[in-house]
Amino acid sequence: MRDIPEVASDVAVKMAVEVAGLTLRNPVMPASGTFGYGAEFEPYLNLDGLGALVTKGLSLRPKAGNPTPRIAECSCGMLNAIGLQNIGIDAFVEEKVPFLKGVSTPVIANFFGNTLDEYIQVADKLEKIDVVTGVELNISCPNVKRGGIVFGTDPAAAAKVVSEVRRCLTKPLIVKLTPNVTDITVIARAVEEAGADIICCINTVTGMAVDIKSRRLSLANGTGGLSGPAIKPIALRMVHQVVNAVSVPVIGVGGIASAEDALEFLLLGAKAIQVGTANLVNPGTMGEIVVGMERFLAESGISDINDWIGSLHG
Amino acid sequence: MKNLKTVVLQNGEIADGYFRMAILAPGYTRAAQPGQFVMLRIQEQIQPLLRRPFGIYRAAAMPAQCSGLPEREFVELIYKVVGKGTTLMTTLKPGDSVELLGPLGEGFTIDSNINNHLLVGGGIGIVPLYMLAQQLCKRGDKVRLLMGGRSRDDILCISEFERLGVDVNIATEDGSLGETGLVTAVLERELLNFPQAGVYACGPMPMLSAVQAICCSAHVLLQVSLEALMACGIGACLGCVVPGREHSDDTPQYLCTCRQGPVFAAEDLAWPSRSNNDCHSGQGGK
Amino acid sequence: MRDIPEVASDVAVKMAVEVAGLTLRNPVMPASGTFGYGAEFEPYLNLDGLGALVTKGLSLRPKAGNPTPRIAECSCGMLNAIGLQNIGIDAFVEEKVPFLKGVSTPVIANFFGNTLDEYIQVADKLEKIDVVTGVELNISCPNVKRGGIVFGTDPAAAAKVVSEVRRCLTKPLIVKLTPNVTDITVIARAVEEAGADIICCINTVTGMAVDIKSRRLSLANGTGGLSGPAIKPIALRMVHQVVNAVSVPVIGVGGIASAEDALEFLLLGAKAIQVGTANLVNPGTMGEIVVGMERFLAESGISDINDWIGSLHG
Amino acid sequence: MKNLKTVVLQNGEIADGYFRMAILAPGYTRAAQPGQFVMLRIQEQIQPLLRRPFGIYRAAAMPAQCSGLPEREFVELIYKVVGKGTTLMTTLKPGDSVELLGPLGEGFTIDSNINNHLLVGGGIGIVPLYMLAQQLCKRGDKVRLLMGGRSRDDILCISEFERLGVDVNIATEDGSLGETGLVTAVLERELLNFPQAGVYACGPMPMLSAVQAICCSAHVLLQVSLEALMACGIGACLGCVVPGREHSDDTPQYLCTCRQGPVFAAEDLAWPSRSNNDCHSGQGGK
């Protein structure tokens, strides 16, 4: 019986990365919606040992989310239809920002809107919050009819929201893409052109579960977002595609649960990675990932993680 | 609250389809409160992906042994085999590794003005009531357990409650043990004898609804321990919410079972019974 | 130690289904490319106990397929980049048809072309092979640059190939769709309109794997098709969408490995199901699925599987 | 060829990182041919998804026991722990369930005109050679095993070959057992002594390539047992192919390792060595 290892190591590997103006202690950060607002993980993790903190998706007004059941376990994955429940941007400032001020890690605020105007209003507010170092624009949530899917699957709509939001923001702007499209490179290029500093992919893959005993869909919402190890091959493919399609840096997400998983995304050229579902399974995961990456790189004779990033052999 | 990479100490069947598992758990005797739960990771594999939530039946310590073994704290779970995870759990043997996240959630609130307690359990709902009974009995209060189940096989651990000094009433639907019928009938009767009692219930949702309706009309305080699908157990995913008192389809109000619960004052929740709103004056806050 | 159960049972459940002119003993058939040409499975399965046999995808000329490595295991799934290796339609007639004549189960020939003309030529030939009861048009293989992806992701191109092939065929025409699209209902409606009798979904989801030890992509082809339990939630979602979008019957495929999995797809309204990767893991799977479905239905008091199909509760 | 739902009889470490497992396998003593393999399903779970291929080391029967146990046929595997599946295999205990698909593939072809045999093994490549040695020794032929490995830990089961009457030469790269160096050096030398020998090799690809080049120049017949990634093991998925003799980038020719192999006549395969084509006249077909 042992405790979860701390985020620290004396292996001499330089882990810091620069991602379009964001200076990160290491390339590991949580995926939005799987880390609450950060404080929930304090007992299990040294928050100051992470590359960044990413908040639950914020909207202009508080959002109650979908009816229950909201989650279902699947083979090597889970479906969620939380429906973007969140306390809203104002309560975030009041209730969560004070805690985040005490953390030395850069804070990235994930946000979304139901309309273009809402996106802009939230961006305006986020620009003014000091503790927010960067923002992550979610144009990809597949759960809420008007909360993303229209923006994220159509290149013109995606470009529009990105350029509008861009105008309110001096902070680094991450745009998070949905995998539920025929060709993710088309969307990636559109949002790059519209002013995205960083592209983050992927959000969840739309899925469904059904219960043959009750003969009902398992989620009250019908469909939900598939996440976890099951989607890692899809995420790797899309990160590879996007890295080769755009020149802005890419953050890889999808099914990362171990240092090896994280190293795979970096090898394909992702400059940083996010951990989602694995935080729910084991709140100490990200600490273990940082330590594991350092160990692997040290053993491979690599002293700077930037030498690993994108170093895939022909 | 910690994530312990620890080991199973004991695991065995205690009744048809019910198992009891002891897990090495330093710190739990002091930390665990009645009504709290743990998230158990059955094996460090990807499948099944999610941890499973289980109420804490008991936290205790094995004394140090002459053989040199130091004192060892452990936590006990009692689980019903229902699906993939619990089936896998039955295969665990002493020494097998598991991960234990906990103790989690808000447990029962003990009101020092109430000295008479009715604990109502349905089947595996017995679990969170034992530590509650321990604490209440320690205060010298009068504690009565009303235990229901489909048949005698679903009535667990009764003698352990009796050893604490708890009076026990049993009702089974098939009459194979105790009275024939539902435990809610017993509750209605006992509330006549103890009109000032505090009621604490854990069991399937239909039972909890019936208990709520009864307590509501009897104007007694009720706390319920709920189950909900959980991914994280620590308030991060918002998968485990239940409708709160103010909930309506137009203005949803959701409470987080893993963090604001699993034990709730009944009056904080939305109940199907229409009489609910009338209750709130009669029932105190948790 | 026991043998795999036979495909047979004395439970009194009517298992036969009619699918657009195909009369099937039961709704269980293999997914193309995971069952060879049938004979490979004779030692493990009673071929006459299946709903249908579906062949490996056939092309006009023999096809060598992709270089190796061609497969990679993933969490609850596998990637393949076989590249549609097959013996070609003529060798099929010579070498495989004689065996298939000895099987009482309807044979469905899966096929594809690199050009519209090739599709038509193969369809012409299949129409003339007696033992072929139905054909399955693969417009969805994601592995071969010109062998499908263009047809399967564009509604106009999909409709074109379907209507051209339709003209050569009197036999029931199944069209198999790729999941790698933004909105599968658009493609489904297009191929329905163009003359598909049955829609089959889904083919594999494009994915990738990478090996951090060799620092190479795991598949020689780079990307591959993800299949197996990992994709079941995606397949269920798409089957649900397509069932609600078209009026032709739907065959469900993707991650089915057990009777329960099969029953889920049928509950959502699929009229039949295909088993792919699970055949590779356990060549007796389909027999176990048929027996398991009968048992479940009997225990649920359902005497005709058609009463189960599409019986999802509101 | 059958899929047996069966059980493990024995499983234990025989050298650092190498295990030996016996599995109950009725029918195998008659059915299994030297060089064939099985696909093992380690547990009836979704993860790891695919079966793992293993050569058949030996198939035999335990005699009936007075205690009433009937004669039991079993198959023996020897495996190196390299990844997820083989790590999981180390945890299997007697009585644990596994599924065994086999015996599969084409094994070694024994040419009755050849009476002198050189078996060349590298590390775990020893596995398919034991049954081959059994059969060749039974014919009264002269059989010599040339065994290579990184260190003494990689040299397995030698005494069992010796008990069959096989002469054994060992070479280790670090010199910790036998000669220092590569087994291919031993082969070159022995081919001078036995210029008419048939050669049978199993081991890592670089070793097989070197063996092929040597046999090619020596104009002796070579059979090689290959490894390939496999999903099905029965010829259904076409995942396991290797380039055949006629293979070129323009006109690929692929052979199915699980069905046309895993043992191939070297001349039927494409080899890196340019001298390959010159060989074919010198080497007979399998």
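We call the chains A, B, C and D, going by the order they appear; numbering starts again at 1 in every chain.
Methods note: a residue touches a chain if its C-beta (ideal position, glycine included) is under 8 Å from a C-beta of that chain, and two chains touch if they have at least 3 such contacts.
Please read all numbers here as calculations on a predicted model, not as lab measurements.
Shared contact partners of chain A and chain D are B, C.
More contacting C-beta pairs link the chains of A-B than the other of the two pairs A-B and B-C.
Centre-to-centre, using mean CA coordinates, chain A is 35 Å away from chain C.
Chain B and chain D have Cα centroids separated by 56 Å. Per-chain Cα centroids separate chain B from chain C by 47 Å.
Each of the following residues of chain C touches two or more other chains: 74-77, 229. Looking at chain B, residues 46-47 sit in touch with two or more other chains.
Of all residues in chain A, those touching chain B in their complex are 1-4, 33-36, 40-41, 43-44, 56, 64-65, 67-78, 80, 82, 85, 228-229, 257, 277, 279-284. Within the complex, the chain D residues that touch chain B are 45-47.
Within the complex formed with chain B, the residues of chain C that make contact are 75-76. Note for the complex: chain A touches chain C at residues 74-77, 79, 153, 180-183, 205-210, 212, 214-217, 222-224, 226, 229-234, 236-237, 240, 255, 260, 263-264, 267-268, 296, 311-313. Of all residues in chain B, those touching chain A in their complex are 1-7, 24, 26, 41, 46-51, 99, 101, 228-232, 234-242, 251-254.
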